[in-house]
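All chains are identified by letter, namely A, B, C, D, E, F, G and H, in their written order; residue positions are counted from 1 within each chain.
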Amino acid sequence: MDSEIREVLSALRDGKISEDEALLKIKKKPFEDLGYAKVDLHRGIRQGMGEVIYGASKTPEQIAGIIRSLLDAGESRVLVTRLSAEAAVSLKASGIELRYYEKARLGIVGEMPPAGGIGRVVIATGGTSDIPVAEEAALTAEFFGNETVRLYDVGVSGIHRLLAHSDEIMSASVIIAIAGMEGALASVIGGLADCPVIAVPTSVGYGAAFDGLAALLSMMNSCASGVSVVNIDNGFGAGYLASMINHMTAGRD
Amino acid sequence: MDSEIREVLSALRDGKISEDEALLKIKKKPFEDLGYAKVDLHRGIRQGMGEVIYGASKTPEQIAGIIRSLLDAGESRVLVTRLSAEAAVSLKASGIELRYYEKARLGIVGEMPPAGGIGRVVIATGGTSDIPVAEEAALTAEFFGNETVRLYDVGVSGIHRLLAHSDEIMSASVIIAIAGMEGALASVIGGLADCPVIAVPTSVGYGAAFDGLAALLSMMNSCASGVSVVNIDNGFGAGYLASMINHMTAGRD
Amino acid sequence: MDSEIREVLSALRDGKISEDEALLKIKKKPFEDLGYAKVDLHRGIRQGMGEVIYGASKTPEQIAGIIRSLLDAGESRVLVTRLSAEAAVSLKASGIELRYYEKARLGIVGEMPPAGGIGRVVIATGGTSDIPVAEEAALTAEFFGNETVRLYDVGVSGIHRLLAHSDEIMSASVIIAIAGMEGALASVIGGLADCPVIAVPTSVGYGAAFDGLAALLSMMNSCASGVSVVNIDNGFGAGYLASMINHMTAGRD
Amino acid sequence: MDSEIREVLSALRDGKISEDEALLKIKKKPFEDLGYAKVDLHRGIRQGMGEVIYGASKTPEQIAGIIRSLLDAGESRVLVTRLSAEAAVSLKASGIELRYYEKARLGIVGEMPPAGGIGRVVIATGGTSDIPVAEEAALTAEFFGNETVRLYDVGVSGIHRLLAHSDEIMSASVIIAIAGMEGALASVIGGLADCPVIAVPTSVGYGAAFDGLAALLSMMNSCASGVSVVNIDNGFGAGYLASMINHMTAGRD
Amino acid sequence: MDSEIREVLSALRDGKISEDEALLKIKKKPFEDLGYAKVDLHRGIRQGMGEVIYGASKTPEQIAGIIRSLLDAGESRVLVTRLSAEAAVSLKASGIELRYYEKARLGIVGEMPPAGGIGRVVIATGGTSDIPVAEEAALTAEFFGNETVRLYDVGVSGIHRLLAHSDEIMSASVIIAIAGMEGALASVIGGLADCPVIAVPTSVGYGAAFDGLAALLSMMNSCASGVSVVNIDNGFGAGYLASMINHMTAGRD
Amino acid sequence: MDSEIREVLSALRDGKISEDEALLKIKKKPFEDLGYAKVDLHRGIRQGMGEVIYGASKTPEQIAGIIRSLLDAGESRVLVTRLSAEAAVSLKASGIELRYYEKARLGIVGEMPPAGGIGRVVIATGGTSDIPVAEEAALTAEFFGNETVRLYDVGVSGIHRLLAHSDEIMSASVIIAIAGMEGALASVIGGLADCPVIAVPTSVGYGAAFDGLAALLSMMNSCASGVSVVNIDNGFGAGYLASMINHMTAGRD
Amino acid sequence: MDSEIREVLSALRDGKISEDEALLKIKKKPFEDLGYAKVDLHRGIRQGMGEVIYGASKTPEQIAGIIRSLLDAGESRVLVTRLSAEAAVSLKASGIELRYYEKARLGIVGEMPPAGGIGRVVIATGGTSDIPVAEEAALTAEFFGNETVRLYDVGVSGIHRLLAHSDEIMSASVIIAIAGMEGALASVIGGLADCPVIAVPTSVGYGAAFDGLAALLSMMNSCASGVSVVNIDNGFGAGYLASMINHMTAGRD
Amino acid sequence: MDSEIREVLSALRDGKISEDEALLKIKKKPFEDLGYAKVDLHRGIRQGMGEVIYGASKTPEQIAGIIRSLLDAGESRVLVTRLSAEAAVSLKASGIELRYYEKARLGIVGEMPPAGGIGRVVIATGGTSDIPVAEEAALTAEFFGNETVRLYDVGVSGIHRLLAHSDEIMSASVIIAIAGMEGALASVIGGLADCPVIAVPTSVGYGAAFDGLAALLSMMNSCASGVSVVNIDNGFGAGYLASMINHMTAGRD
């Protein structure tokens, strides 16, 4: 933007335009020119590190088009979330070199970056049914350059399974606690760990689980010390935030 | 009842009444005479072991009257639940020898019975704010003749506090798990223990605790193995049920 | 576990390892070795009496594998819950000798054990639509060695149907009260019976039944005397808990 | 109204006004003149039998004024609902001869009418805490000329108490079933009785009673056969509807 | 039952059995024999007038069996509710002479009885989408011998459509007001009519209709004067209750 | 109606009927004749400008019939809402010249009218998934003669996208703000704009979006200054209301 | 703002500052200077016509200070909403000439402006308890220069009361429909009127009114044709929006 | 712990105890000795940096006792949350040197530490009523050694107020977004910022705010990119987590 306003200012200084014309031109500058805001929140942490496409409401053609233009623009990798298996097949058929992770419903173009950041991101689930959400979180974190540790099926009704992994939990940089019926997982991990814990309620369960509401409320009530909550089934959001926290220093000095 | 029907039958056999009259008399017998139902559910487990008065909606005069008639009828002890401190003062002033437990809002007349049953009833709470409900449960269990163990403030966000009591938990006969914000307690105890666990959600907490709803839903979702749930803040109900389970064999053979 | 730690201790005493090495080895022992926790909550009451597999989120191949390893390990019987008819066919085709109970969606390998425990477990339902949940509860109880009595379609809007079974109700050891629209069943049975009552709300009904919420809330409010509640449609949990209560003395002396 | 339209028609016939003027006058007649609607729903069943004032949002002066104008207009009796004790004292102090029923929060001026209608209106409650709502219902029914039978504290957790009154229930003309925690009462009575049952949920209870929501949902689900529901704590509405049903024939021939 | 007890009494009087034996026999009589309760709530108002089968959870074979046994027992007509079109075809194929009403999902065997009762039952709906529930109500009322008047699509957002039928509304004996999104219908009709109004919320609508919850709550709040509510979509219940009210005098003298 | 009443008045004046007969005839006039109410709310703003058919619960045959009769009656254009693609094909096959807008599920017969009104109607959406609702709103507004501006995918998590359109927002006559997960859009636009804002929550989203409830509540809480809310997904309602507001003066003088 | 940017431009043109300095100064201008946004949404429609202070969370001293600075700045009138009676007394005592409207909890400084706009704003309420919210709406509308018509206690359960005012309703420019228990009012008025209807649910009522939730949901479902909804009890918001709509043309040419 | 187990091992090696005795001793070690868990979650980030007491359910005497023992143990500062003004007065009277922050309901003993961490913690609120929660968050963050920036009353309905602070937002290390009615704040800030955003819903508002539920759901739905949510009104939790994130590197290398 600066250059555009500068042009106006030059023209004014050079007497090519009047003060009123300059005023008008400056006021008309579209907002995005001012640099106040990031280009697109969903589009990744740092230019050159990878871009994200939300695949749910797009056709394979649209997704392919966006991927191509990103790669053309020099992007080295692209993450497509909520991608159906059918759409993945279409993408591959159209020549996109994409690895598809069926459980996580993610597609990734390009190589994963080397892991960086402060430490490791631990992803823990209460049961095996929570694994799809966990994989979405783990792969997202890896896509943004984090080392991950998966602790699956360590729900609190068998607390020993969780405690057997005390080392991983206590040495984590960030922990993502994912649970449906047993929203309790976030509380217990929050108590064991000394790092930020991101809780993800899942819609797993039946009856009084009410599609994740029980886990959501349970997790909200555990927020005393380092635990915060993202939306039901929002594995991507948890992985993204975990990466952001795990790279805290990188972008600050 | 038997004797009353028998009277009718005798009268019929003796020709004092007709068949029609006998039929009418039998049909008119009030239902309770048939022995199908217990006299009053709230009134204790076994005649002679203690009676219970729900104090919430009764005046001190009414409560005193009921206590006196129970004692006159040979009852050795009486438990008054949801008794306000003011009502307790009034009762004592009117000559009732009553011990008042302020936290639990319970009044007890007569000595506690000797502890019996299969084993011990463990009462665990997530926090210190849950203690009033826990005391209601513990004293109720003691009133019905159970040995109790209190494990207070062993919430799951500090799991070591709970695990430090693994012995008590693993050797319990019945466990009452009481928690407000951290409904997770029931799940964790359910996983450690090998006995029935009665979960009591409490209205403790704020915000998304929604007066106990979060804990209630969380506990309902832990019901996989030996855990069941009673109403929010229902310490009496939990203590009563625990006693019933802990005396299972006593009444059966 | 003991034997493993004992090995370490022997090696230390015999001078084969240093004190530091012994310390390290002991600390590294996975938690389950320490005996603090049951091996797996879902896996049955007593070693040798039967194991349980939650079939909902597993492939027939996975289930078959687990069954085989359990039988190899000497298990005499296995219960598979939430098993679809298709998965049952696959299991049989793969050579597993399994009896499939379609209504209850249960598969059982091996013979039912002889009935033991304190007395009989009565399973009552409000309507005929509640029967699938009831069968899950009843077969689970039988699988763990309990005599069962089925009282189906005895909902409170026809109270005589229930009262006609007063004998069964009053002589039960534990009662499982299962109802959808008429959550009232638990209250009425709780009033008639002198034993623990486990209430199971079902998702049966329409309109203001709200998928079991109405029955759940209704049952929670009946918890005054010996009644507690498990999750909506959780027949297995009710049967398991009933068995636990009905075998109270067996494991305690 | 007729007389007013008639005046217009006379004037037209007599040539005093033109057709157009007549048309305009008739169209301008306020709607209530056309007799399409009752004067005021809350104001009672039949002119001369009694009028009702909703006292909740009115000052004693306003209430006194309305009472006086009703009596002046020849009304023989007036019912004031939701009347506070203080307002009742004020009314009496201002010279209104009013009987005040504290539990029901009702004030009545004038004598109760003789009981009429098809039969008796039975008012049953689950517990003693429901009695205020029940008294509001019973006195309302009596105010409109119905014989009433009160069956209080016959909740379903002690079913014998209810069954002991089978005669009153089976011979009732209309039954009002009032219950808070035990919304089950409506179902059981609905099954015993052969007449319309009006269910009134109350806000009595705690925890999962959620201010009457549990009872409301429970009662909605009992609506199979002759049971319908009015608002939480709406004793007046139930008494009014019961009277309407109990006088069905009176107004039809 | 009487005859059975009478047999026992005769045997006693004749000395064929002892007093003790008589006592035992009488106590063992199944409850339903005592005449305390109706045989089956769902099964109609009066013996000989028609029976009802709830078709939702029954196979065509089961339904056919029940119909045949009812007809054999002398029943002149049978109503099957919640009957799918496929089941109706099966029933006809198996030789049952049944008229099927597709919208209402009702099947009727035998002729409709002549209309009786105090007056007419008016069935009004807010929109055309509410008609299936309305037809269930109307046909149920006709099946039990009531004259019906259908006022469909008279929702309050076009109040003139409703007012154009003021005559039918004001001369009705009972009114069934059925509405989904516009739960307001019950309030307006309740204000116009001078007879009991049964409100039926429907699950019609979208968004904030929340499957009938909005209409249900709206109708509950209209219960001031003669309006009561049955379950969402419960056309049968409304028709049955309307018939009960419309026949009030018939059964009472 | 006037003419009909006039006839009665003429007859009276001419002595052909008596005053009583005239009175009766006038009272019997059906309500709709009195002109108190609009013919049908859903049927458009002004006779001759276009009619609307709610297509959801009608067969293609019914819709075709209504369209034909409207066109025969001189209607120049017809809007069919909630029209499925299949029904649109059927309509075309039956000879109706209809343009089908698939996303909006709208069918339109006849030409769009020239745009009029005070100014432009801006339709803004939070995301691309909200576009179907937005198109329903935009096409409805155009159908009733409004110029529209579409601002799609300007959700508040990328505020610059919205601010880049400040001109359109600040010069709008009415704004329709449509958002699912990000109900915040209405608040932000309400703060930027100086005209009425109609908020439309959508059922887009997952998890704690709860089918539009989150957006609905969020929007209700933004209602401070010029913002009001219509039902979830109700694009038609928003477009209709926007047109009504944008034509405020046209119909008033 | 213009003048400030103009100063920068002048300085640049005159060579007093460099281009870079000018660029920096312009970018640093606080946002509000750019004219992109209204100064304060709550602060009224048009400069000079009146300002609004939200009184709820402010001390009388703070309110007095704001009023004085507004008057000093040339404001001719000020509206204070949610003002307690005590605060009003304090304001007067501190010398502010303020008229206090107790029911509406509004304080107004300065004269009401002459009524302008397209037509009249009609404010209708379902009952007398809704009047405080209605007065807040009516006085707000008057404060912003609108003629108002009050139609109170015209709830739909006595539809004639509403219809008697058909003239006012049909000739209104905007209608505000305010109702608690009877949310139906908005639907009925929406059907009668040919202008925008703003619905305001109130927290009046008891039981299933759930503090305005029932009315809110009911009104949301009426949004088909010209009806939209603001927050529960939000009389100010409705009055403000009504004024905005009623002045549509004034600000557009 | 190590030293204690080492003692056992030494004793074994030295032949002072048998292998069995060693085994027993090791198994009996209380869990906390094993170092698996932190001592107390609520008690601060790092020993020596400050301790926290939850004041809500404790008497001033209890609080004073805990403070004294912490200071005796060498703690340099103590934070007491949810401390009432009365309790603060008591504490001071008992000789504790405590600064009381009334709005935040916090008491602090000892000096604030110097600010450290990666950068600044920005605390933003939607309105002035949210300030108490914000102060709790800000002071907590300062107590744990963070520089804070307060941006109050920057709600999204006046977006310019927020954008005027773009610099602070874009250069923040962590942002705490606190809002009641306008839960939208978190979304907008999440879009502007490039750092973790912790959203705190507040119970501020009325009507459809439902005590913070609306804001909570709204914030849950914004969780796409770096936004997570803590419990309603949980200022402490947000401040604690912000500090944890802002000190990410400090504790890791």
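Going forward, a contact is a pair of C-beta atoms (placed from the backbone, for glycine too) under 8 Å apart; a residue touches a chain by one contact, two chains touch by 3 or more.
Every value quoted in this text rests on a predicted model; they were computed, and no experiment measured them.
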Chains touching both chain B and chain E, listed by label: C, D
Pair in D-E, B-D or C-H that repeats B-E, with over half of contact pairs matching by residue number: C-H
Pair of chains joined by more contacts [C-beta pairs], F-H or B-D: F-H
Centroid spacing, where centroids are CA-atom means, of chain B and chain C in whole angstrom: 25
Mean-CA-position distance for chain D and chain C (Å): 50
Rounded Å distance between chain A and chain C, as computed from the means of their C-alpha atoms: 39
Multi-partner residues of chain A (each touching 2 or more other chains): 31, 36-38, 41, 157-159, 163, 190-192, 207-209, 216, 220-221, 224-225, 231-232, 234
Contacting chain pairs - touch in the sense defined above: A-B, A-C, A-F, A-G, A-H, B-C, B-D, B-E, B-H, C-D, C-E, C-H, D-E, D-F, D-G, E-F, E-G, F-G, F-H, G-H
In the complex with chain E, residue positions of chain F that touch it: 30-32, 36-38, 40-41, 56-57, 201, 203, 212-213, 216, 231-234
Chain A - residues contacting chain H, complex: 36-38, 41-42, 118-119, 163, 166, 170, 173, 190-192, 194-196, 198, 216, 220-221, 223-232, 234, 236-237, 240-241, 244-246, 248-249, 251-252
Chain F residues touching chain A - in the complex, by the definition given at the top: 128-129, 157-161, 163-164, 166, 206-209
Residues of chain D defined as touching chain C within the complex: 155-159, 163, 181-184, 187-188, 190-192, 205, 207-210, 213-215, 217-218, 220-222, 224-225
Partner chain D, residues of chain F touching it in the complex: 2, 5-6, 9-10, 12-13, 15, 19, 22-23, 26-27, 31, 34
